[in-house]
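Each in structure tokens, the structures are laid out below.
In what follows, chain A forms one complex with chain B and a second complex with chain C.
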Partner chain A sequence: MGVPFMPVRGVIGSDYTKVRPDFRTVKNPYGHDDILVVPAVSPDVALIHAFRADRYGNCVVSSALDDALLARASDKVIVSAEEIVSTSELTSSQRGNFVSRVHVSAVVHLPGGAAPTSCGTYYRENEEALQRYLAAAKDSVLFSAYLLEFCLRYQHGGDPS
Partner chain B sequence: MTTPGFAYTTEELMATLMAREISNGETVAVGTFSPIPASAALLARESHAPDSEVFIMGSRDWWPFSEGSLEFFNLAQRRRFDFFFLSGAQIDRQGNINLQAIGDYYRPKVRLPGGAGSAMLYYMVRKVILFKTDHTVKSFVEKVDLVTSAASSPPALYRPGGLHQVVTPLAILVKNAETGFLELRSVHPGISVEKVRANTGFTLPAFGGHIAESAPPTAEELTILRGHVREAVTPIYPAFAKQAFGG
Partner chain C sequence: MPTEKLMSPSEALSLVTDNITLGLGGGPLAMNPVALVAALILQKKEGLRLVVAPIGGFAADLLIGADVVDSVEFAQLGFEEFGMAPSFRRRSQDGSLRTLDHT
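Here is the complex of A and B:
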């Protein structure tokens, strides 16, 4: 949106105003109440995973998530996608949010890119992998093994499926 | 889990008690990790509140939004929700909730998922039901370690919403408007007042001087829960749908 802060209802009276000094209480300039303002979140880079993208960066993302919002807030946006399709196929495709190429810096074809979480109609969550992650998160040896199996092998051209 | 000696599960009882609070035509919103509230909203719609609008986060069928959680939260800020359901690792005597951390915020003993939208929803949703799947002295405390969402707020703040009631596996608590503290409205069938008080970390007087017994689910309510509701929550909460319903 390009504005420095946003008013938010509620929050005042909770401890967030103590532990987050960047959350400020101001007088509503258009009313008689106090209101909280929070600073803009402007990421340098956003990585979002789309259902489909075209080669120009136009893409369709989940409407259940805030990926489209994230794309519009970030300086650089790298889109990975289950499928790369033509622009005409993209605009006539499945339910989801359209993100314009205007916001997108790069597109990567990455089937399975949301795993082990789910991705629309493409695949469900991989419960076994998620359970392994939960166990691995508590142990540095297990975590290294998990990283190697599920992440680092892609660096060496591993099969992403 | 089935309570020994009863023909319904604790989840069915809690969902039924929440569902009965909803009037026909009201808008009911359900957030993440809330299988019992989701069941309650669907039960109400399938029984006495057929014209109610139901939104369930994480559901394809009950999520008519195109712009993610932003659109949902903005609708809440516009006072369009009559009901929302919040929980907390801790709930205190005043009805404050803690979803952030056990212990010190900067050096937590347990780091929790965080308050998310609760710090706004508790203020902007007309009737907020707090729910908890355990009722112990550790979860119902005199004062929460960190207030992620406050039951009361300064008078200069615009606040159309707030606490409606607290539903636990043992009892229903409500706020005494004069003292600002939670009190005991009803105990569930087979649960003694002593047991509720022994499992609560603060003094719990009888609301209005009288403690009722919560009315158990009727045969009709159980039929709807075990049929339509179980089916509807299965895609969102498969593990819950398997174990929460009796019959």
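Here is the complex of A and C:
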């Protein structure tokens, strides 16, 4: 929407304002009460994994998530995609939310790019890989070595499970 | 013809510089941009302000664990049935990560 903030009811008087002291209260310009306003979420760059994309940045992302909204809220968007297809194939076989190329700065072909998390009908979450991550995270010394090895292995996409 | 935007991970990730606000798509354990995040971690960025949209999990925890993130804005950040996000928990508890909670 491009608005800089949004008014929110039901927060003033709760402990929420202690957790988020950056949220401001302003005078309601149309009434005599106060209203809490929250700043817009406007990332400089967003990273989004899509099911399919064309070479120009048009893509189809999950309709179960807010990825299409994130793309529109962000200044620049980098999309990785399971498949690179023609524009006509993309628009005719859409299963998900369509994101226009006007929102997308870069497209990278990364099959398995969401692994070990799930990716629609392409692959499920890889429970074994997730358990390995959780086990490694228990020891901060071992974790840095694990993380480096993980990134080297997954930077071009993981094994679909 | 529209502008060609297909490129390599490193060409694309040159858009990500130190100290910017970085949004991550996906849910806790679905559709995370893991490969892009893995490539980004190898570039050793610093001072990133992370935003998950609005629920994050695995990819966010990778970035937080790699110590390239100063703050994270979220409604929820976890590993669903696998429990809490370990690096997010560790850095929240030791005070090295600024958390901007939306719940």
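Things to note:
Following the convention adopted for this analysis, the second predicted complex is superposed on the first by the 128 of 161 C-alpha atoms of A that agree within 3 Å, B and C clash if a C-alpha of one lies under 4 Å from a C-alpha of the other, contacts with A are read in each partner's own complex, and residues count from 1 in each chain.
Note that in this section a residue touches a chain if its C-beta (ideal position, glycine included) is under 8 Å from a C-beta of that chain, and two chains touch if they have at least 3 such contacts.
Since the structure is predicted, the reported quantities are computational estimates derived from the model, not experimental observations.
Counting the residues of chain A touched by each of chain B and chain C gives the higher count for C.
In the superposed model, A:65 lies in contact with both chain B and chain C. After overlaying the two complexes on the shared chain, residue contacts for A:9 are found with chain B alone; chain C is out of touch.
When the two complexes are overlaid on their common chain A, residue A:76 makes contact with chain C while staying clear of chain B. Looking at the shared chain after the overlay, A:132 reaches neither chain B nor chain C. Contacts of A:97 after superposition: chain B is touched, whereas chain C is not reached. In the superposition on chain A, A:19 makes contact with both chain B and chain C.
Of the two partner chains placed around the shared chain by superposition, chain C is the only one that A:109 touches, whereas chain B remains out of contact.
Contacts of chain A with chain B, set against its contacts with chain C after fitting on chain A, overlap at residues 19, 62, 64-67, 69.
On the side of chain B, the complex with chain A involves touching residues 58, 63, 65-70, 77, 100, 105-106, 115, 119-124, 146-150, 152-154, 156-159.
Of all residues in chain A, those touching chain B in their complex are 8-16, 19, 28, 31, 33-35, 62-69, 97.
Of all residues in chain A, those touching chain C in their complex are 19-20, 22, 41-49, 55-57, 61-62, 64-67, 69-71, 73-74, 76, 78, 80, 84, 101, 104-110, 112-120, 125, 130-131, 133-134, 137-138, 140, 143, 147, 150-158.
Residues 2-9, 11-13, 15-16, 20-27, 29-42, 51, 53-54, 57-59, 61-62, 65-66, 73, 79, 82-83, 86-87, 90, 100-102 of chain C are the ones touching chain A in the complex.
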